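Pasting the structures in now, so scroll down.
Next come two complexes built around subunit A: one with subunit B, the other with subunit C.
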Partner chain A sequence: MSLSAVWISLQLASVTVLVLLVIGTPLAWWLANSRSRWRVPVDALVALPLVLPSTVLGFYMLILLGPAGPIGRFWVAATGETLTFSFTGLVITSVLYSLPFVVQPIRDAFAAVGRGPMEAAASLGARPIDAFFSIACPQSARGFLTAAVLGFAHTLGEFGAVLMVGGSIPGETRVVAIAIYEHVEMLEYGAAHTLSAGLLLFSFVVLVAVYTVNRARHPVLLR
Partner chain B sequence: MPLRSGLRAFALAVLLILTTGVSHADPVRVAVAANFLSPVEAIASAFEAAGGEPVEIVSGATGQHYAQIINGAPFDVFLAADQARPARLLEKGLAIEGSVFTYAQGRLVLWAGEGHQLPDNGFAGLVDHPVTRLAIANPRLAPYGRAARDALQATGQWQALQPRVVEGLSVGRALHYLATGNVSHALVAASYTYASGRPGGAWVAVDPSWHEPIRQDAVRLVNAPNPAGARAFMTFLKSAEAQSILQGFGYRAAGEVTEP
Partner chain C sequence: MNIPPVEFDLALQRDGFALTAAGVVPTGVTAVFGRSGCGKTTLLRCLAGFESGCTGQIRHGDVVWQSARVRQPAHRRQVGMVFQDARLFAHLSVRQNLGYAYKRRRGRGPDWHEVVAALGVEGLLDRWPAALSGGEAQRVALARALLTGPALLLLDEPLAALDYGRRREILPLIAGIPERFSIPVVYVTHSRYEVLELADRVMLMERGNIQAAGSVSEVFSNPDHWSLLGNMAPTVIWDAQVVARDNDWGLTILATDAGRLRLGGLDVRPGQSLRLRLTARDVVLVPGQPAVSSLLNTLSVQVDEINDYPRGVVHVRLRAGSGAVLWAEITRQAAAGLRLANGRRLYALIRPQVLRINH
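What follows is the complex of A and B.
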């Protein structure tokens, strides 16, 4: 039972990070370069999951993704399945929950690249999209690594929101943090210790890795 | 020296907060299972009105309270959601021998959300009824969840319904799934039908002979800071007045027999 929870958590964290890298990269680029008056509010929106309790997110997701909710209704009509209590629903929740942990390091890395190299590339005839992939992205590699690692680790540690949206279905939505909670509640402290110590150790190793990567001149996060 | 005076002001503020938190009369601190919060508030008011000491209520999950008590939480009385946790505290020597008693028995209802129907023949007809999803409390954690699963098994409906069963962390969460339209039906505590903020829909009682009684035990704690207050509160909890209050919230009184 616990092993399947670990497996679900790993799957959830992997899928979440992939989705976040795809949608977070253009968002981070826009945040790093835009002069729009919407930039500040969007920046704040992205940072919201950092400060909100996850029960707030879970509460609203349950309403949004529910079969009567604006997103959930559309999903039921399209697929015949409900989004809540499903792995897909967990992914959507986790993407929102871990958004700042992925977008912010990439945004800061893009900002550190600056306009100079991009303008130089443009003056040499590179199209913006070429310059983005051959200049900005490689120079921001550390930011991407930090983003992926933090997004993965943060999704693993998720509890309140996934519990609310997922409903703790074994083999489908019961992630490792929920399994730990249940072990504690059932007074199975041995099993709880095993999983908790594993998560603790893993998180520590991840943070050491992030700090090591960032030790150089341009720390991207957690400065 | 703005920094130092700032620090002094801060220290003063902290001191003020700490000291104002301690009231003059020693309160009776009661750790209570979240499902029983409303009745215990009413019972505490009646206790205070009858000249008892002020009651401080700490509501939460029974497992969490248990973990806090074995780690030295300063509670006087523990009103658990089940019988297991008070029994464990007795074994560990943290609860007072002879103080354990069943203060309430929970009842289960089948609730159909708005826009959904109850089965014509009640709970036993659930399996032949259009149920999109059925919410229950986590049977491994919550007594109401175990009772719900037992009742489904006793009526031979568990196998067929299990793929559509969704578990809430607590019985309150199970009802929340119904209130937000995420499930069509839920098996929850009857006490919620008395709650002012209850969701719409209809409900029907589940025959208590289909599951083990949902007995909630109370116990006085060895490390109680206010042992006299704890004793007084427990005596009041057994009184006819307190028992009639909790019946008004959908619980069965401690003495009521479950089996006919």
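What follows is the complex of A and C.
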């Protein structure tokens, strides 16, 4: 049972990070470069999950994704299944919940690249999209690494939103954090210890690795 | 080869600043000179296509880069640009930086090996930008810009961050670009010295406007521009041609509008052209031709104009030879002793400084 929770957690974190890299990268670029008056509100919106209790997000997601909610109803009509208490529903919730952890490092990395290298690339004949992939992305490699690792680790650690949207269906929506909670409720302290220590160690190692790479004077990733 | 000029007529409004500039960039080096904040870098950025608020026209021969209807983005203009801070791509080696430009070149451009050799970057190809000195980085940036095959090369104070020695190395490389690669160069600088050393033509900018444009000797010799140039004393620029060498004495004979001049310590061949600078403090006036003096060049001159200045100083405008103008700064007492008056004939002993040698 514990192993299946670990597997669900890893799957959820991986899928969430992939989705976030795909939709978060253009969003981060826009936030780093736009002069639109919408930039500040969007920036705040992206940061909301940092300050909101995860139950607030979970509550609204439950309403949105539920069979009677605007998104959930559409999903039921299209697929015949409900979004709540499903892995897909968890991915959608996690994507929103971990959004700032992925978007902000990439946004800051893009901002640090600045206009200079992009103008230089344009003067060398690179179209904007070419310059984005050949200059901005490689020069932001450390930001992408930080984003992926933080997004992954943070999704692993999510509890309240997952509980509200996904419940605890073994093999489907029961992630490590919820398994720990249930072990403790049932006074299975041994199993709770194993999972907790594992999560703690994993998160620590990952963060040490990220900080090490970010502190290196000539990071391997940059070349 | 016929190289079409770049013609522009541009305007840009920004909070508290307005740029209005029209001109022509023919082949050769055109310096854009002015104080900090006068808009010279903004003009360059307009030409390159980096200023979205810039309106007006830019044409390169028959090709329209910008007009009321068309606005080619920077990557479609055949413009090479070198920035003050080089802007090499830190995640690419020198070879990859050059390759980045070479792969994206628009149309034909100079040969890879020729550019690499001309700027002396062979030995740097496998280095990383972070490991380059300022001078090396600028040479790589110049090579990179040339490899895109530009129709116009824009240089934004590329030497501003370099020490005197590095500047002396790179100036001749830049001066050689128009002829060697058939590309007109626009060179933004706030250094008079770089204009005199490098440029064929100059545009003087002040508060967002081009105040004057023309040959360097013409613009720099005009008293209207001396305050903008920051001259301490009246200064004229003469163009000169090497006509012969006097090997017995190691002297070079130069032909100028003022007549023949003899200068020592020059390593030049007949036919080369030189630019000379003559400040009013390098001119000594005497009433009769001296039998002998340590200054080699004595010109017969006629007083044209006398301007009184505070603190007992007089600026005297003189004509020599076929209309060449020079100025002398002397004290009021000396002026009285020489009985200075318009039309009076005198002799001027001069010591010109050699500024630029064209090969």
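Just so it is clear, the second predicted complex is superposed on the first by the 215 of 223 C-alpha atoms of A that agree within 3 Å, B and C clash if a C-alpha of one lies under 4 Å from a C-alpha of the other, contacts with A are read in each partner's own complex, and residues count from 1 in each chain.
Here, a contact is a pair of C-beta atoms (placed from the backbone, for glycine too) under 8 Å apart; a residue touches a chain by one contact, two chains touch by 3 or more.
The structure displayed is predicted, hence computed values, not measured ones.
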{"item": "First (subunit B), second (subunit C), both or neither touched by A:I63", "value": "first"}
{"item": "Touching partner for A:E185 - first (subunit B), second (subunit C), both, neither", "value": "first"}
{"item": "First (subunit B), second (subunit C), both or neither touched by A:H193", "value": "neither"}
{"item": "First (subunit B), second (subunit C), both or neither touched by A:L163", "value": "first"}
{"item": "Touching both subunit C and subunit B, counted on subunit A across the two superposed complexes", "value": "none"}
{"item": "Subunit A to subunit B touching residues, read off their complex", "value": "62-63, 66-69, 82, 84-85, 163-164, 167-169, 181-182, 184-187"}
{"item": "For the subunit B and subunit A complex, residues of the former touching the latter", "value": "61, 63-64, 66-67, 88, 132-133, 135, 138, 140-141, 166-169, 173, 176-177, 180-182"}
{"item": "Partner subunit C, residues of subunit A touching it in the complex", "value": "116-117, 119-128, 130-131, 134-135, 138-139, 141, 218, 222-223"}
{"item": "Subunit A contact footprint on subunit C (complex, rising order)", "value": "48-50, 73-75, 79-81, 83, 85, 87-91, 100-101, 104-106, 128, 130, 144-145, 148"}
